[in-house]
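Notes for the one structure printed next.
Labels for the chains are A, B and C, by order of writing; each one numbers its residues from 1.
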Amino acid sequence: MTAGILIPDVGPIQRASVLGRVNPLVKLGIALAWLVGMGLTLDVRPPLILTLITLIAGLQLGGIAPTALARRIAPLWLAVLGIVLANLVFSAHNPDPLATELFRMGPLRVTQEAVDAAAGLGARVLSIISVGAVFALTTDATFLIDSLVQLGRVSPRFAYGTLAAYQAVPKLADDLGTLRATRRLRGLREWHPRLIVGMLVRAIRHADQLAIAMDARGFGSGPRSTYRPVRWQPLDAVVAIAALAILVAALVVSR
Amino acid sequence: MPEGGVFRSRDADLEAIELMTTLNPAQPSAQTSPFAAWRTRDILLAAVIGVVFGVVFAIWNGIYYGLQLAKPLPDALYGMWLVPAVLAPLLIRRPGAAVFAEMVAAGVSTLFGSPWGPDTLLSGFVQGAAAELVFAMAGYQRWSLPVLSVAAIASALGAFVHDWAIYYADVATDVQLLRLALMAVSAVVFAAFGSLAIERSLGRSGVLRGRSA
Amino acid sequence: MGAGIVLQDPASQLVMERVGDDVAFGLENLAWPLGTMRRRVPEALQSVGLAGFEERRSTRLSGGEQQRVAIAGVLAQAPGLLVLDEPTANLDPDGAAVVARILATLRDQRAATIVLVEHRASLAWPLADVVLALDQQGCPIAAGPPADVLRAARALERAGIWLPDDADGSQAPAQADKLGPVSRSHGTLPILELHDVRFAFEGGDPVLREVDLGVSPGDRVALMGPNGSGKTTLLRLAMGLLRPTAGEVQLGSRDPWRLAPAQIARLAGYVVQDPELGFLADTVREEVELGLDAEQLVFAHELCERLALPLESFADRSPYQLSGGEQRRLSLVTGLARRPLLLALDEPTYGQDRRGHEALVAALDELVEQGSAVLAATHDERFAQDATDRRIELAAGWIVGELGPRDGRAEYGIVVAGQGELETS
């Protein structure tokens, strides 16, 4: 309903897929390891290799429809553009007299070194975008929270409190739409910082009611059992090892 | 004049129900020291601030990209991403609120398709932790504009270091410093002044009633 | 034995993404063993007529279904005391009827003590062994078996409590007697016209199909139909908040979608379902005066007086701190302040007691007498009787029935099969 917000929809196909069944903590760990790994190089090849593998895995092992993946990634090229431009135009190499000059545009001198670095950083962003999209489209929020609690030792009160608050997203998006409608019909421009207050008032009332409803159902009153037991599985180890091998291979290629 | 009948304000009904349902003796009572355990409603408040700003971030991302050609000027908008790290502790006044709310916002934003993917979580942690440090040094007792501003700037500084390493590794130092200046000013405007303005409006609306703030 | 609570707003009780997990949430908190929970969850869902819903997303259910999930979650714990706070206040009549049936079954089973807080007396009365009527200060007016409490009928009415007999609207005066002087002024140009309008959200099923509708100055139109039938969407198309997928919408002979906010605000006012979503300011004074010119200001202040919100006592209060009825009247003030040619209202009687209802009807009558038109989406039969003289019935996006001012009630009730959102139980 509210433009520009892609509320994630992880359907039964994605949940039952290989990437859907891999523990979300493993996926987060891989994302972090790859991020650190990409931080070690400005070469354009390793992030492009990871991007390609991530997208193929998302389609083949994640059950994501090509259109859904494209729709999610499409608006994000602007982020790549921004990073590339910033590093290209403001590169520390450009003023360096020893660097190889490619061309000049008025006061702007662009060097080969700057182009290389900007390309590497742009490719890095591309790999981050792909990993983020595949993660979001294959990760069930309940599975993530259950894993954080049962395997990651996160406090169940904070974890399930967050999950409960997260259920309010469609309601909040509707509230935002209605508040904008109100502004328009009262002759005011639709977007205004004040909208945040309107949303927060509603959100806080919602939170207070939820807290009462949850306390009334014995939340946080003592030891808890679990309706959805989560354990590490062989699949998690296989995927983790494969992902690390891919990272090492991608980094070696660049040497 | 007086409203009729059994239907009064929703707040009154909720208060009545809260009294009827003292099911949860494990909950610490209100009005305790900042180091007392979080009540469920504190957790939900912080979480819901994170969720609201996760939605705001999704919109803000769009505005920020739309201005990419004007780099680094869009960084004057950066402060919006730091608001939960200041607003949540200001409203809840318990240790951990900055990190928790900022990470919830980052998590929601990740699931909504933030371009920064799971790196958003790392940013969220850094931004929240930097603000948290300042509030901890103030003993979770002082909530004046200067304290909020320092926390906001600390949060911006954390974000700046993170972004330099991951996204702007090749950018010249003078432009980096310009970015930092823009981010710091933006942080004070959005996160410090913004949070205070929001707190004032929310206070008038009555939804914060019964909280320590 | 514990107590279980069901609150008014079904959405604010949903903790988990999926229905089965939500029902299990309370059991987990009580540390029930896994095997027992796996048996108990389907049983509890079955008892509210939602067998097989375990994997459904709770946020995508209708309000009635969500409320039944909340009841199932409480029943799963086998509570000794079940407290329900206006469990049907946010539901459409179909949803409310199913919830009432479930409560009747629970009552017959005598499985728990049930405390039902309710202002729809027609729902509560037949269920109750004991009725406790409270006035606005929370003091008891009468208590005892339902028949005994009814003897205090006058006192109940004075406190603004609906009595069970009022509920079906049968006591309301025949609508034909009540037509205002300017009703349906023939020959004037319609203020709102929809021609063959279709609407669907991106990638979704059509919400409205082939809708033709004209509203003229002096018209008082009720849009009726179950939740999901397209009432709110139709209002939003009329206000230019949505753009039709096909067909044409004209508000004051112009496309409302293309109008600037300042222009549309002169033509139309919109009172949204939940008054709080119509508030934009910290105080009642700011709220009332926001964006008005000098002449409108005078009128707005006058409206405040007439709707019992005098600024001398209300100016500095927060809109969010007002009672439900005051909030509704404030949103009416903001909707009426520009003397719109068309006032659109979405479920204007949601949460209103008898006095609020009467004040609302009077204010709308007055607006229509000045030549404006009213278009109200509602499922409140009584409001439609008292405040409107034309009804449009929607079902699954089609206009399936229309009733003019003098057609009488009996002929009404054409409904096509295959509506979008029928409750199943």
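Quick notes on this structure:
One rule holds in what follows: a residue touches a chain if its C-beta (ideal position, glycine included) is under 8 Å from a C-beta of that chain, and two chains touch if they have at least 3 such contacts.
Nothing here was measured: the structure is a model prediction, and the numbers come from that model.
Taken pairwise by the contact criterion, the protein chains are fully connected, each one touching every other.
Interface comparison, B-C versus A-B: the higher count of C-beta contacts falls to A-B. Ranking every chain by how far its Cα centroid lies from the centroid of chain C, the top place goes to A. Centroids of chain A and chain C (each the mean of its C-alpha atoms) stand 38 Å apart. Each chain gets a centre from the mean of its Cα atoms; for chain B and chain C, those two points are 34 Å apart.
Between chain A and chain B, the centres computed from C-alpha atoms are 19 Å apart. Counting partners per residue, chain C has 2-3, 5, 7, 320 as the residues that reach two or more other chains. Residue positions 10, 14, 17, 21, 23, 201, 205, 207 of chain B are each in touch with at least two other chains.
Taken residue by residue, chain A touches two or more other chains at 141, 164, 168-169, 201, 205-206, 209-210, 212, 214, 216, 218-222, whereas all remaining positions touch fewer. Those residues of chain A whose C-beta lies close enough to touch chain C in the complex are 1, 12, 140-142, 160, 163-164, 167-171, 175, 178-179, 181-190, 194, 198, 201-202, 205-206, 209-210, 212-214, 216-229.
Residues of chain B that touch chain A in their complex: 10, 14, 17-18, 21, 23-27, 38-41, 43-45, 47-52, 54-56, 58-59, 62, 65-66, 68-69, 71-72, 74, 100, 104, 107-108, 110-122, 165-173, 175, 194, 198, 201-202, 205, 207-208. Those residues of chain C that touch chain B in the shared complex are 2-3, 5, 7-8, 83, 85-86, 117-119, 133-136, 159-161, 282-283, 308, 318-326, 351-356.
Against chain B, the residues of chain A that register as touching in their complex are 4-8, 28, 31-32, 35, 39, 42, 72, 75-76, 78-79, 81-83, 85-87, 89-95, 114, 117-118, 121, 124-125, 128-133, 135-136, 139, 141, 157-158, 161-162, 164-166, 168-169, 172-173, 176, 193, 196-197, 199-201, 203-212, 214-216, 218-222.
Residues 1-10, 13-14, 17, 20-21, 23, 200-201, 204-207 of chain B are the ones that touch chain C when the two sit in their complex.
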